[in-house]
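Below, each structure is written out as structure tokens.
Two complexes, one shared chain (subunit A), two partners (subunit B, subunit C).
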Partner chain A sequence: MTSSGTILLTGATGLLGRAVLTRLLAAGCRGQVVALVRDPRRASASFAAIPGSDRVSCVEGDLTRDGLGLSAAQRAMLRGSLRGVVHLAADTTFSRPLPAARAVNTDGTQRVLALAADCATPPRLAYVSTAFVAGRRTGEIAEAADPGGAGWVNHYEQSKWEAEQLVRQQAGAWTVLRCSTVVCDDASGGVTQFNAAHRALRLYRDGLAAMMPGVAGSTVDTVTTDYVASGVAALGLRDDTVGRTLQLCAGQRALPLEAMLDLCWDHWSRDTAWRRRSIPRPALADLTTYALFERTIEDTAEPSLKRVTRALSHFVPQLALPKQFATAMTDALLGAVAPDPLTYWPAMLDHLLRTLWGSVRRAA
Partner chain B sequence: MSAATTCIAGTAYALPATSRSVRELAAAGQLQSSAELLETFGFGQVHVATAETPFALALQAAEALLTERGVERDRVDLLLWAGTPAVAYAAGGAAADAPSALGTTRRFHYPAMRLQYELGLERADVLALDQLACSTLFGAMRVAKALCESEGLDRVLCVSSEFFPGAAGREAIFNCTTDAACAVLVERGGTAGRMVATGQASKGYYWDCDARRDEIVASYFPTARHVVADTLRRAGWQPGDVTWVIPHNVSLRSWEILLGLTGIPRDRLWSRNIARHGHSLAGDNFINLRDATDAGDIRPGDKLLLFSYGYGAHWHALAVEA
Partner chain C sequence: MRARDMEDFVARTVAWINRTLAPDGAAVEADTPLFSGGRINSIRVLELIAWTEREIGREIPDALVRMDHFRTVRRIAEVFLPPPETGHGRD
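So, the complex of A and B:
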């Protein structure tokens, strides 16, 4: 851990970023944290309740602008004081066209690397990536650089893979931290931020998920915000992780896909009204069959069902590309393993039902 | 009276004399989708009744079957009519119509009774089955099999005849529909055409099929996969054991998807009638069974899987050993 000097944190206003910031401030980081944000005033106000927030300063910036949109004075300040960078800002929308995904994820990372290279003393760099840079690769995914070549399911994956390459090529002392799919805040199962995984679960519960890609051995690897944020804060800037690629994933504990579908079905069928609708579990399809189904929906279905299928198409093919993320090195360095998904999935499903996927809270 | 001895002894069908191509139907405004899309899904032409009546074709099909099989008319124990009338929600009519409605007995002119009379099935009881849409004849097979095995009936004649009104639309959920009558003879004690296993799922939630169309589309494939898998399990067959899938004549695309889900090789689909006949509501599988047999494609011992879906709420499968 870089305990003195300034740390630049990108993505601090996101759910994961805020959690990382909280842990950085609590974990012995005695220096300043500079948060690169779009709206400094609003961000500062939102950080006020975090212990140690007096050591956080927010500067206006934007990953898509030259020089990150920083003023000359701000760049000069950072050049002289920066000791660490935790770069986790990203555009996580799976459906983005490649140029748009690259603009934030790849080119934005390039701009962060340029700032780092411009510093008097090159800072330690922690790059927060995704486990799914492995794309269409199947089997065990090593805690190491991915050679590419297998292709990707969406442009988010590709743009993050490209960013990893830039980090390895250009950063002096780097750590790549790949995260799996975050589905809830912590063991309580609470969900602050809803994502594509939650939307897919809702379609399933609403009886609109006809099929999902999947084969024998397919798993659903999920983690909590608490686990990932703790891992990033603890390992990202530590000396013994330099040059390592770490995977904050469930790994061997990932839920088998069919077990996940059964778990949801059993959970939701406690509601008599839901059970009486006789909603089937989605059928598991190979990618060829699923693509044929998608094409048929495009040719024939009502607009509402087309929207459903299009929403799924940007990530569910991963389910038919079985992979297991290696975590041995990460577990050893962290001294902990990711929580067993079975310890938080039931609570998370309860939360989704209770809040109707967040709509109850929003209405309130 | 073991389950293995109930057989489909034969099938016969009758079609109207007039055919219309998908393009002709489109030109006449009888399709919702384009002719090109329906052709992509495998449809070529359908049969359209102009002079024929549903009863006349039912009689023709049943007569042909009994004659071909050399069945003595007094050896048929049960005539089972399988149709799909949809009158449950018909309006009651205006109050002024009440006297004539109360006085009429026309509503009792049931085709099943007339068929029994005209075929000379003097010893046969008559039952009728409906509301299962395109899978009604599968329901009839199940009832016939059960009665052969539980009551010892030797011979059940199942008949369906499905027509659309002359100017009606000819498309149902991207399938091009045909008029046709079909007769199936079920016998106890035969060796060929053994009904090895049946499978069914019915989901009443989908009764309002217009309001729940998206959900119905979404439920079709997983439920179909489940019913097929369950029927294969009951038959003791693996997906690769199936020699032929004898389909209901819906879109080829949907069959490719379903076969992909069930693990049955796609080349096992006997699909040639989709283009030349289109989709008759209840008779498809048994018309196809007849044509596949006549074409010499089915050999003794072949394992046949018949599957149909009654729109909205019914999934049916039947495993038959030729």
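So, the complex of A and C:
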């Protein structure tokens, strides 16, 4: 851990970024954090309650602008004081066209690397990536650079894979931290940020997911925000993680896909009204069969079902590309393993139902 | 640069610092050392640079970026309010 000096943090205003910032400030780090944000006044106000926030400076910037949107004077000042960079800002929308995904995830990372390269003393760099840079690769996914060539399910995965390559080629002392799918805040199962995984669960509950990709050995690897944020803050800038690719994933504990579907079905069927609707568990199909299903929907179904199927198409194919993320090195360095999904999935499903997938809280 | 422009800049900057950067109960004046004594965390000079650039309507050349130039609000005004000398900037 870089205990003094200045750390640049990107993505601090997101759910994960805020959690990382909180842990960086609490981890005995005596240094200061510069948070690159789009709206400094709003960000400063939102960070005010975090212990140690007097050591945070919110500076206006943008990954898509030249020089990260910092002025020459700001960059000059940073060049002299920067000791670490935690780069986790990303566009995580799976359906983005490739140029749009690259603009933030790949080109934005290039701009962060350019700033780091300009520093008097090259800073330690922690790059927060996704476990799914492995794309269409199946089997065990090593805690190492992915050679590419297997293809990707969406442009988010591809743009993050490209950014990882830039980090390894250009950063002096780097650590790549790949995160699995975050489905809830912590062991309480509370969900602050809803994502594609939650939307897929809703479609299943509503009986709109008649078919789902999946084969023998398919798993659903999920983690909590608390686990990922703690891992990034603890490992990202530590001396013994330089040059390592770490995977903050459930790994061997990932839920088998069929067990996950059963868990949800059992949970929801406690509700008599839901059980009376006789909603079947989605039929599992390989990718070829699922593609035929998608084409049939496109040709014959009503617009709402087409929209549902198109939305799923950007990530559900991963379910039929069984992979297990290796975590032995990460677990050893962290001194902890990711929480067992069975300890938080039931509470998360309760939370989703109670809040109607966030709509109750938003309406309040 | 008219004296009145300088005093206006100083007044606006003092007010902004006291509103956004200075901790409660540690009011800053035109000649208060900003960074010594822990009144303002040194990293917040980045925000001070952004404020100054907005106020003067141009970027500060990186050759002029020294903590000494941000020592007090009056010092900032003296260094950055007059048009920059040619040859300092990189761009």
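FYI, the second predicted complex is superposed on the first by the 364 of 364 C-alpha atoms of A that agree within 3 Å, B and C clash if a C-alpha of one lies under 4 Å from a C-alpha of the other, contacts with A are read in each partner's own complex, and residues count from 1 in each chain.
Criterion: contacts are C-beta pairs under 8 Å (C-beta built on N, C-alpha and C of every residue); 3 or more make two chains touch, one makes a residue touch a chain.
Treat the numbers as computed from the prediction; the structure is a model and nothing was measured.
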Superposition on subunit A - do subunit B and subunit C clash or fit: fit
Touched partner set for A:S304, first subunit B, second subunit C, both or neither: first
Contacts of A:V34 with subunit B and subunit C, given as first, second, both or neither: second
Larger contact residue set on subunit A - subunit B or subunit C: B
Touching partner for A:R281 - first (subunit B), second (subunit C), both, neither: first
Partner chain in contact with A:R244 - subunit B first, subunit C second, else both or neither: neither
Which of subunit B and subunit C A:F293 touches, first, second, both or neither: first
Touched partner set for A:S81, first subunit B, second subunit C, both or neither: second
Subunit B versus subunit C as contact partner of A:S71, first or second or both or neither: second
Subunit B versus subunit C - smallest C-alpha distance in the overlay, whole Å: 54
Parts of subunit A lying in touch with subunit B, wherever the complex brings them together: 206-211, 276-286, 288-289, 292-293, 295-297, 299-302, 304-305, 308
Residues of subunit A that touch subunit C when the two form their complex: 6, 32-34, 40, 44, 54-55, 57-60, 71-78, 81
Complex contact set, residues of subunit C against subunit A: 20, 23, 41-47, 49-50, 53, 59-62, 64-65, 89-91
Subunit A-touching residues of subunit B, taken from the complex the two chains share: 33, 37, 40, 174, 203-205, 213-215, 217-223, 225-226, 251, 253-254, 256-257, 260-261
